[in-house]
């Protein structure tokens, strides 16, 4: 392994494209390192995995059932498939990740379950729209609504309060639906709200949570957390058949121990949120730049003149933009520093013709 | 992360259950470590991944198309799904891993493609049986054979010669079938044969190879290698939809660089094979112990009195056994030492009532 | 079979709910009767089926490939599945039947292909919206558009001109998409346009047409017509596996002979259209009643005071209504008579408080 | 419709290939005719369908839930899919129709459920083999057995006694499996046994029966009969999504009324069985001809010199043969006459060189 490779080890300092551009945080890394000794049983039948499960149960203060899978696509899709039959439907926000960025994975894993999308401001569900989606049709020519899926934090960087989650869950349950929470950035929401993980999940009525690891600082892996253990029945078979059972499971379970027992999961989220907050505040002060949504987690969405985003990109900055609109998304992560933020702010200022 | 944990850090010294009980070899580890600096683009759009692909192209001395996925279940199932439509069928040995140990994953990923299994000694395909399976039916009431799947090395630890692979591929191609190779232990076969990877894959006619990483010393990940690039069309979408696209791809691609550029891939396989060979030779000398199949890679299958396997298990040894038969499988890995082997031999000798 | 059963033989005279409330027209019936003699080979390997295929080839004046399946759900879903892989997407109007009334069948048959819906007035595709849907995303996190699906006549009873179809097909083809036409009421569109079936299908660029039989006067069955024979490759396996291969095929193929050779297919459609036209004209003259869409085939959509629809329903009339809106759909069929129409008009007039 | 067509109306007198070469029996025909008056609600919401369901409930003397679908492929596959998740498996005989002649339909409808086949003489399940198939594996790498599927009568023309069915059901239930019965020729088994339909189905423990209509004398259609109504939950959605909900349902439900209320279902089966019995007895007396399996329903399997089957086929007789073996299958139907049988016997005698 050449150590002087200039090409591949060149880090991208100027990036806010995604919170998954950051690597593995020290706590996750050390746990992997510690797990890498000698022989360990495979497929999750090992003490690392059991201890990781226990850590998650402790985190949520309940005897939930936990499964570790490779990524968020699989976590959400498998959880949804376990709640649905192919002729069911899933109600979610029309900007939900499962609708916009999974290349049809939920439909694939569930063999055709349809996603019904509803509108709502700031990426959050509007309960009237949800109820309409649930009740609009009850004939067999339309797939039967079976799950309400909500993201915490949302795809647009906003956060539900426990009360809002509770209301959504009550509505769903009153119509016989189950509630799935896409928690790819669940830690960021907890950090924002200052509540316990339990309060913003099962205590509010969530049935299944997909808890994000990668965006929180791990290399690979998400946890599917069933608060109702009955729903978890045979889920291990589903994971296996769908190519989501790691043979050397310890390397995706041990990092959870490192993150949870050390508190890094929350510290990482807090840092990402803090930098996003700073970025939002600073960008909002630049003439011509407007925040598109409240910055409540680790994402900042702005509108600025399209030539500004073009200039910014030309200067080597990485971020998602929305073609022809001047809209841009900047993500902060556990790795983002205040200096990173100040560099970006200066660059935006310059791109906008300030200074 | 407590360092004094007695429970989880207890390695299982007495194990020959699987080559995936071993952890991450140093070369793979260091590559991950090196990749863990700064920000890197996600989903494989990064220089580590490109360099890993190049390493594999160099290994096979051809301009193949390469995709990294999380595990062997997914690698095989996705590759097969890309070759088939749901009404096709896959011909394989009845002891093939895709038939016996994937919980229906090939059928799931391909939405119903049927597996037709044929017999053959020592886990290797019998070409007469293969031809019969292909030609027996040609009506639409039976799924149309579309792929011949073969494993190298096989599930029973035997190895095909390049000539045997060539004959199988010729047969398959002459009937319009494509050839898939399950190479979870491809390196072990190469080490045994002393040929180039090209000679035992595409030069012999293989269309798609699933190249194993985990059993060779990596934490996670396999490579799907399309020798016919046309077959790889849109495979990236398939991976994404099926939950097999890593966001922080560098951590499953960089280890391939570490393994291939250092030569560890072959050294690891050679060690595993050498220890298996030693184990086979030693066990065969114990009265009452009989080798079930030729030991040609890193697996040793033996028959011994059932009370011997029971005693061995009682003494804390881990291995797969076949209930009611006295059959046992012992796997060696990159981590297995000669001392490990000698300890097992002594234990078997004792379990068999020898001194 | 008791002939005096009062319960089941009671026809519903007061119905305009669907064109599939009508039974089997005489020409289809007699063909079934004629086919019901002696032994005939099964699964479509019979002369009735061959002659029916020939009739369809003659109808379209081209050497198309034809398959008979049981219903429109299957015809559309199988055709779409044959054009797509699971990670593809289908662009259609948001009021398309495949989106609104198939309970997720297209997603099921194709194992997850996503439907992207676009807007457009009067149930017809807006080509700018179509182009946006095709080009909006080109990353692998979004299913790749592969098919443009259009209905002729549309779900809202409107009809595309050959020129409009040609423009849509050109747009689709220029982006590498194939064109599927849902022709459940294709005959009605042909009757309206006064063009040949060829002009409003393959000559305008349609790749696959699902040609409706049931709504045109048959008991059961639709034809999947591939104008590009390459696309039909192995479609017979797909039908078989999906439960759409009739054993006594002659009974769903022979009626096509009866319909096409006698010209009943067009006469039936003409009658349905004529009665719908009459109904639309008469209803439009009633104060308080407004036509929602141009009446171009056999459907009439009206808005009237909600108490009027309630009164109408209370009087025993069957029709689809749109809750809380006063919207109502009335369908005419081959069986609808001018007297039926006049009865309905009188009833609406009364329900609206007119004399 | 030309009445003088010589080509298509030529019946095949010389056929014993399949019981689905026969057409529609008079009782089924007249019921269709009677149902073809006026307007009737679609999708099964009509009095014909309700009356047909009642007829089936009366036939089985229990309050079962009944669904009408288009063919046996769909009936069996949908029933199995409703009992299974994709990671389950189905145990059946290795000569079962669902294994040998459905082109992977069960795997397709259930999105990957695997079929485990077991051996057994005369096409009947061997319960020791069944138990082994159920218990052999209990790890998650193998699909979990969930259904025992048995055919009555079997694919080889043999029949289970109620006691045998009871024993199989007891075994299945004791391991937590459900029992599915493929009753494509259920009527033939009832005719043979001289018991009530209840005795050879739910009273013996069968959970779901697919009751054959086409081979019994109908044009199209099978009934899925759930004896445990809980298992039928949402089955109507499954039928709809899978393209198995007829719009003009009355035409596949009314024939059941005609068949059941008139007793034709049993008379038809009795005739087919009687002719098969005669055929078997007569063929067995021809030197060189041997019965392969006991003739217990409407199928006769014989071995004869291969040149005899060749000669027979050359003389225009239609039947299934087993290449290179001299094996042949002859099926009788409701339409088969004693004269048909005598003609065949004479022809076989001649083909075998007897006078």
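Letters are used for the chains, namely A, B, C and D, taken in the order the chains are written, and counting of residues starts over at 1 for each.
Everything that follows uses one rule, which is that contacts are C-beta pairs under 8 Å (C-beta built on N, C-alpha and C of every residue); 3 or more make two chains touch, one makes a residue touch a chain.
On a predicted model such as this, the values are computed, not experimentally measured, just so you know.
Student: Give the chains in contact with both chain A and chain B, ordered by label.
Tutor: C, D
Student: What is the chain whose Cα centroid lies farthest from the Cα centroid of chain B?
Tutor: Checked the centroid distances; the maximum from chain B is C.
Student: Rounded to a whole Å, what is the gap between the Cα centroids of chain A and chain C?
Tutor: 42
Student: Distance between chain A and chain D based on Cα centroids, please, to the nearest Å.
Tutor: 51
Student: Touching two or more other chains, which residues of chain D qualify?
Tutor: Expected reply: 86-87, 102-105, 108-109, 111-112, 140-141, 143, 237, 240-241, 245.
Student: Can you check the complex and tell me which residues of chain D touch chain C?
Tutor: Within the complex, chain D contacts chain C at residues 1-3, 7-13, 15, 17-18, 20-24, 27, 29-32, 34-42, 47-48, 51, 69-74, 77-78, 102-105, 108-109, 111, 214-215, 219-220, 237, 240-248, 250-252, 254, 257-258, 261-262, 318, 335.
Student: Of all residues in chain A, which touch chain D in the complex?
Tutor: My answer: residues 43, 85-88, 111-112, 140-141, 143-144, 234, 236-238, 240-241, 245.
Student: Where on chain A does chain C make contact in their complex?
Tutor: 86-87, 89, 100-105, 107-114, 140-143
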